[in-house]
Every structure is written in structure tokens, then in C-alpha cells.
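Labels for the chains are A, B, C, D, E and F, by order of writing; each one numbers its residues from 1.
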Amino acid sequence: MSQLAIYPGSFDPVTYGHIDLIKRATRIFDEVVVAVVNNAANETLFNADERVAMLQETTQDIKNIHIEVFQGLIIDFAKKKKSNMLIRGLRMISDFEYEFQMALTNRRLDEHIETVFLMPSERYSFLSSTLIKEAASLGADVSSFVPEIVAKRIQEKLQVI
Amino acid sequence: MSQLAIYPGSFDPVTYGHIDLIKRATRIFDEVVVAVVNNAANETLFNADERVAMLQETTQDIKNIHIEVFQGLIIDFAKKKKSNMLIRGLRMISDFEYEFQMALTNRRLDEHIETVFLMPSERYSFLSSTLIKEAASLGADVSSFVPEIVAKRIQEKLQVI
Amino acid sequence: MSQLAIYPGSFDPVTYGHIDLIKRATRIFDEVVVAVVNNAANETLFNADERVAMLQETTQDIKNIHIEVFQGLIIDFAKKKKSNMLIRGLRMISDFEYEFQMALTNRRLDEHIETVFLMPSERYSFLSSTLIKEAASLGADVSSFVPEIVAKRIQEKLQVI
Amino acid sequence: MSQLAIYPGSFDPVTYGHIDLIKRATRIFDEVVVAVVNNAANETLFNADERVAMLQETTQDIKNIHIEVFQGLIIDFAKKKKSNMLIRGLRMISDFEYEFQMALTNRRLDEHIETVFLMPSERYSFLSSTLIKEAASLGADVSSFVPEIVAKRIQEKLQVI
Amino acid sequence: MSQLAIYPGSFDPVTYGHIDLIKRATRIFDEVVVAVVNNAANETLFNADERVAMLQETTQDIKNIHIEVFQGLIIDFAKKKKSNMLIRGLRMISDFEYEFQMALTNRRLDEHIETVFLMPSERYSFLSSTLIKEAASLGADVSSFVPEIVAKRIQEKLQVI
Amino acid sequence: MSQLAIYPGSFDPVTYGHIDLIKRATRIFDEVVVAVVNNAANETLFNADERVAMLQETTQDIKNIHIEVFQGLIIDFAKKKKSNMLIRGLRMISDFEYEFQMALTNRRLDEHIETVFLMPSERYSFLSSTLIKEAASLGADVSSFVPEIVAKRIQEKLQVI
């Protein structure tokens, strides 16, 4: 099988946890599309282009991945990509609840869709983009949670605001 | 005992999960009042009249139920209806947490109030009105989650927005 | 409706939590059968007769209940009693998991069976017969967890062992 | 060791649960600073001064505590106070998730920071300031959840709004 | 990539949930080895040969799978098979806890091992071999949980005991 | 305050997780008694003397701790030590449930007892003595979970068995 899998998310911004997961995904699938959600309803700190740029800069050394933006339903994007594999990370219990609900909803919308769950390193099991942004906005040095370049972008963005 | 029980909720909009629960409730209680919350603080996609209308259209074949709107505390509404039985559905763990907290709060506000928990069919155990609206707004066909007529109303409403 | 409901359990031995739940159940159903499980596979501290006796002594003032022993499947016992209502208490998250599994299994074995969940007072939300027996075996005075007479029986039983 | 510990929170407003926890904390640490968060991002019903005032009025009889306002990161505030002990209450599972994440984030930002978790009385294990405000806004008498003076302030505040 | 993945378990006996998962796994991996644990410490109702036989009879129509017995550590078996992919099903919260612990333990024992989690159909999300055996031993007809042939074997086995 | 706290457990055998927690405890309390449970009902791989010996060898460099064996209720042992502080580690959700139940039970048995929860490093958040023994019995090298000397003792013990 020559398998292509989709790893959807906001990546607002990319963290070490995401990068760890992308690496794990490429060990399972031939090709991984990191799919950056760009829906009007989601308020993000960085716009889609900025999020893609940060992903690209921080995953240059990972082979067989593509970074793309998508709008609308992930199952429609997957169909367009001729894939029926979604990848999601599972960090903690609350994750599990939400992910379970999402995966079952997607499966009912399209019975061919399969969600594959991977576990990030326990070093990153508590990281959340939301918490990182919150900490940074209060002056924290977040460079142990995100790559240097992302930490710098967060700082720049928060100064503008 | 001739028991009347209250099943409160937003029903924004009614799903197959709610309907499943209403049916189960009527097998336990002589009369069930489906109580549609209408508080200013809750932002809903449909207004109270629209939510009541959809409930009525989709529960016509269920006997011994009434659909009513209420404002304020559910324990006050229950008192007015001379009932001290609340019905709630339990889907998943996160539900349980919130429901536990609500039920204990209501019990402390009025020690005679009892909350009875029922479990929907596992077919509906992951359904949430919020997720359905989100999926529909992104173009999903949600007719396997809600009755046909509700799916149509969601579509109409989202086009207006 | 004249409803009879079944509250199954080991009751090894009855605790204040069980008694609290039995009282709540009688406010919902016309008649409640407290069904004491007596299966060979379950090792209990007290035999079925002793468990029934303690239940009878501690629930004398509660009307409309019967205490009975059953063997085999609870759905068969319910059928014999012409009831399709089971009552279970929900204390904590781990309870929920197990109870969810049991209730869905029973429902698949007999689609007419409905499990109704009630919440004990938060005063008893952490009580477990197992923990109480363990504490008693180490010398604890468990009279704040179980009625005086049950505390005494536990002590007698443990001395014999 | 002469230990000073920090108990951070919004206290919007203080509940019987918070007061229970402050008392427990003073039995472990020589001195407890109740640190009232005052960050622009958090929308609160009461402003920081009002929240401090209510805390002071309701904790007058508790020795060895100070009530202070802080902005920014709690680890920076702790450093300023020459403390590396944070206190947090653990009520229920959902708490645990969030608290775990916060504590590990703080620990990575400052490896000397230790978070000590205490359990409130089960009488208060379901209390949340958010639910209390919601109930009060719908007309509930919340005097069994918060001290009399706080209940009065909530009522005054909600009438102004 | 030509990927071989290992799906370890007791399969005592195989349920519809296991079969559902095996099918899902074959859509992701080129080849799936269903690895039947045979460790002295685990007490099972069926011996390893019986468990393998039932798996074979019930998965005849699924391509690209092999059924094998293993002893010792799963990571050693995986190494022998030149695979570093384990497959596990995630049903409910309590599963998640245990699976999380197992997967992280395996990962620390062998950093190349990756555990891939799949979700069975919600129809089977509450099935457990343990509960099925318990129900069968009390006389339940378990043919909606396991294939006909397995139901028959359980009955035969329980009569012998 | 000159505080002495008790850290009770089986320590069968001591893991890096326990040692991490003991260190954290000594930063909060002046003196920590590591209390090794020795009750007939608990089956352990190592006897109490062996468990104490391993604890002593692996915590030699930690100041202000004592290792002691206790029988019976932990609240009675605490009383004998003139302490009312218990320390427990919180790893994951399932821990929380059990720990919550234990702590509330102890508090009801003795209202002066306070349980203080600490979080081990996330590096050790999934370690369990049970899993380690299981892995070792199947031939795993467990030297990344426990100190070298403990790994050796486990191996010796398992060979004897």
C-alpha cells in the first residue's frame, strides 16, 4: 500500500508536540499532509499563511510531508487528497473525549474515514498551544515548548497587539 | 404514583439523541415536560419558538409529553409544575462531570429535587448539538444526526447568516 | 403507571450510601425491589442471608421496598418480577465507566431494559463497601460509613476470620 | 523550614470551597499568600479590589494569611515573594486535567516551583464560582455556597448589570 | 513502505469488537499479525490453541492477516517479526489509561516501537471479553457480542467447568 | 512550624517515580517518614525488610527522611508519629479516583488528617511497580524504571520464583 495520511489541526502555532507527532506519522505512512485549518469561525493568533510558514521552517528536515491549508470539512479535504486516513495526537483524558467525538462524527459523515491516534512523547504530553500563548502573553519565555523561531514570532505578534 | 418529570435542555436544535432520551423517559414517567431553556445569557442558533416548533414536529408520535419554554432556574420551573424529578442524558465522561456538578447544585438549592440520569442508545452517545451545527456550517450533510426537517432548518438558518 | 424497579447489588454489607439511594429510588418508583446478588463467582464477606438480614434491619422505616436474593442474570430476574427498570447509583468517574458498560450490555441482552442512574448524597459519594471492609480489617471504627448494627456485624465477622 | 506558600486564583468571588482550602493550607505552611489574579485577558464579575475586599472580610479569623493582587506569571510573583510553593485545590476529574497541565507548564518554566494539591471538603467538591454566578443571575439564593456578605455583593452587582 | 503491524491481545475469546478492529487495521497496514498472548501468569478461559482456532475461523474472509501465538514481551515478538508497529483498540476512558501506560512503557523499553490506536465501531465500544464470559456463565445468550461459533464454544467450555 | 509528613506506600519495589516524589516532599516538609505498608492482606513480591532495604540503599543521599514499616491504619501510624500530614503522588486519572476515595475515607476516620498531593516528573508519570514487575517477569530490562540495584534484586527474586 502506498498510503497518504492527513494530519489536521490549527497549529496556532506549531509546538514541539506537533513536530514530534509529525515525525511519528512519517514512520507509519508514506506521505503525510499536514493540513492547516482555515475556517472563519476559529479565531487564531496567526493567520493561515503565518502558521504554514512556521510549520515549513520547523519541519524542513522531515521527509515526505506537505503542508497545506484547507477550508471546510476535513473529510472533503481528505477525499480531494484521495486519502481516508486521519492522524490525531492523544495527550490526555480530555483530549480523548473530544477526539472520540470528532472521529465518530467524521466516520458517520464518511464511513471510509479512519482516524489513527498516536501518542506524543510524554515530554510533550501536557503542551497546548493555548496555554503557551497565554504564558507568552504574560511574559513567559516559551522556548522550551516551541522552536526558537516560533518563540520569536509569538513575541513579535504579541507586541503588535 | 402519578409522576411528572422535567427534561430540561437547550435543544438547539433537537437531535436523534434527544428524541431517543424523550422516548426512554416516557417509559418511566407518566408525563414528561420537555423544558426548553430560554435565558438571555445563552446564545443559540435558533430562538425559543423555533426550537419548540422543531421539537413538536419531531416528537408528534410520542405520547404523554409537553413541550414548554422556561426562563430562570429549573428548580423554580419544576416547582411551578409540581414536579421534583429532572431527567438528564449521560453520554460520556465529560458529560458526567458537568451533570454531577449541576445535579448537586440543584439539590442544594432545593433538597427535594432529584435528578434521574438515562443513557441514550450508543448510536447517539457521541452526538452533540454543537458539533452538528459546526459540521453543518462547514457544509456537512447532518441528516444522520437529526431528523430531516431539522437538517433542513439548520441549512436555511445558516444560509441566512 | 404503577412502576416497580429493581436495585441490584452485592450489598456486602449495606452502607449509608446504599440506604440513601434506596430512599431516593422510592420517591421515583411505586415499589423497589432491592436485589441481592448471590452468584458463586463473587466472593463475599457475608453470605446472602446475612446481607439480606442487614438490609432488612437497616431499611425498616422505608416503605414500599422488598429485599430479595437473586441468582443468574439481572435481566432474567427483572423479567420474573415483570419490571424493566434497573436502578444504579453513580458515585465517581470509575463507577461511570463500569456502569455504562453494564447498562449497555444489559440493554443489548434485552432491549426493553432501562437503567436509571441516581446520585447519592455527596456525603456518601466516596463510600465503597470494599474500602470499608479493608479499613475495618485494619481496626478502623467504620460507624460513620455504615449503620451501627452493620459495623458490629463486620467486627464480629472479622474476629471469626 | 519557615515556609511561605502561594494560593493563586481568580476568587470571582470567594466561595466556601476557597475558604476551606485556605484553612487547610495554613495547617501546612507557616504563611499563605492568597494571590488574586488580575490579568486583562480574564473577564471577571468583580474587579480585583472588590475580590480582595471580599476575601479579607471572609477570612478575618484565619491567621498567617495575606491577600495580594498579582499580574503576569504566577512563577514571577512567587519569585518576588521568595516562595516556590503553589497551592491548588483539586475538586473533580476535569480539574485534575487542567491543574496537571498548569503545574507541569509552571514546572518547566521554573524547575524549582512545586505545586501542592489539597482536597476541599466533599461538601464543597462540586462548587464553582462560575456556576454560582450563573445560578445567582437566574434568581437563586446562593447563601449556602458563599458567605452571607458575598451573596449580598453578588446580588448588588447583578442588579447594576 | 511495506508495513507489517502487530495487534497483540488475549482474545479470550475473540469478539465482534476485535474483528472490527482487525478489519480497520488491514486498511492501514499491508500485513497484520494478530498476536495471541500466551503467558503463564494470565489465566484464560480458552487455551492458546483454542483462541487461535476461533480467531482463524472468524477471520477467514480478511486478507493479509496472520494469527500467531507469542510468549514474553511484545517488543521482542515485534523485533522478531521485523515490525515496530503495534495496534491497539481504544474503547473507553479506562482503556485509555491502561493503554497509555502500556504504550509508554513499551516505548521506553524500545524507542523504535510505535503504538497506533484505532477506534472500534461505537456498536462495539462497550464490549469486553470479561463481561461476555461473565454474562455467558450466568446463562446469557451472547450471540450478539461474538460470532455464532464463538458463542457455541463458550457454552461448551462453561458446561465442562 | 516544624512539620513531619508521612509518605505511605507498598514500595514493592521502589521506583524512580517514588524517589522523585520523596525528594519533592523533603522540599516542603522538615522531615519525611517513608512508611512501608506491611499488611497480611497485601501480597507483595518483596517482604517488608527487603523493601525497606532497597529504599534505604536508593535514598541515601536524601536528607531528613526515615524509612519505617507500619501495620494497620495509616491514620494510627500518623498519630503515633504525631503527624497529621500524608503525602501521595498523583500520576494519572485512575490514580486520582482511588486517591480521592482514600483521602476522604482517612479524613472521615480522623478529621485532622490532611493529604497533600504532589506530582512526579512527567518522565515518571506512567511508571507503576506492578507494570515493572510484569515486564521484568517477561524478561524486560527495567533499569530505566528503577535504580540499578533494584533492577538486580527484581531479577534475583524472579529467578528464585
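One rule holds for everything that comes next: a contact is a pair of C-beta atoms (placed from the backbone, for glycine too) under 8 Å apart; a residue touches a chain by one contact, two chains touch by 3 or more.
Being a predicted model, the structure only gives us computed values, none of them experimental.
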Other chains in touch with both chain A and chain C: B, D, E, F
Same or different contact residues where chain E meets its copy chain B, judged by the half mark: same
Distance-maximising chain from chain E - centres being C-alpha averages: D
Chain at maximum distance from chain A, centres defined as averaged CA atoms: C
Chain pair equivalent in interface to C-D, over half of contacts matched, among A-E, A-D or A-F: A-F
Mean-CA-position distance for chain F and chain C (Å): 34
Inter-centroid spacing, chain E versus chain D (mean Cα positions, whole Å): 47
Residues of chain E engaged with two or more neighbouring chains: 93-94, 97, 100, 104, 122, 126
Contacting chain pairs - touch in the sense defined above: A-B, A-D, A-E, A-F, B-C, B-D, B-E, C-D, C-E, C-F, D-F, E-F
In the complex with chain C, residue positions of chain B that touch it: 1-3, 24, 27-30, 84-85, 90, 93, 96-97, 100, 103-104, 107, 114-119, 122
Residues of chain D that touch chain A when the two form their complex: 39, 41, 72-73, 75-76, 93-94, 97, 100-102, 104-105, 108-109
Residue ranges of chain B touching chain A (in the complex, touch as defined): 92-94, 126, 128, 131, 134-135, 137-141, 144-145
Chain D residues within the chain C interface of the complex: 93, 122-123, 125-126
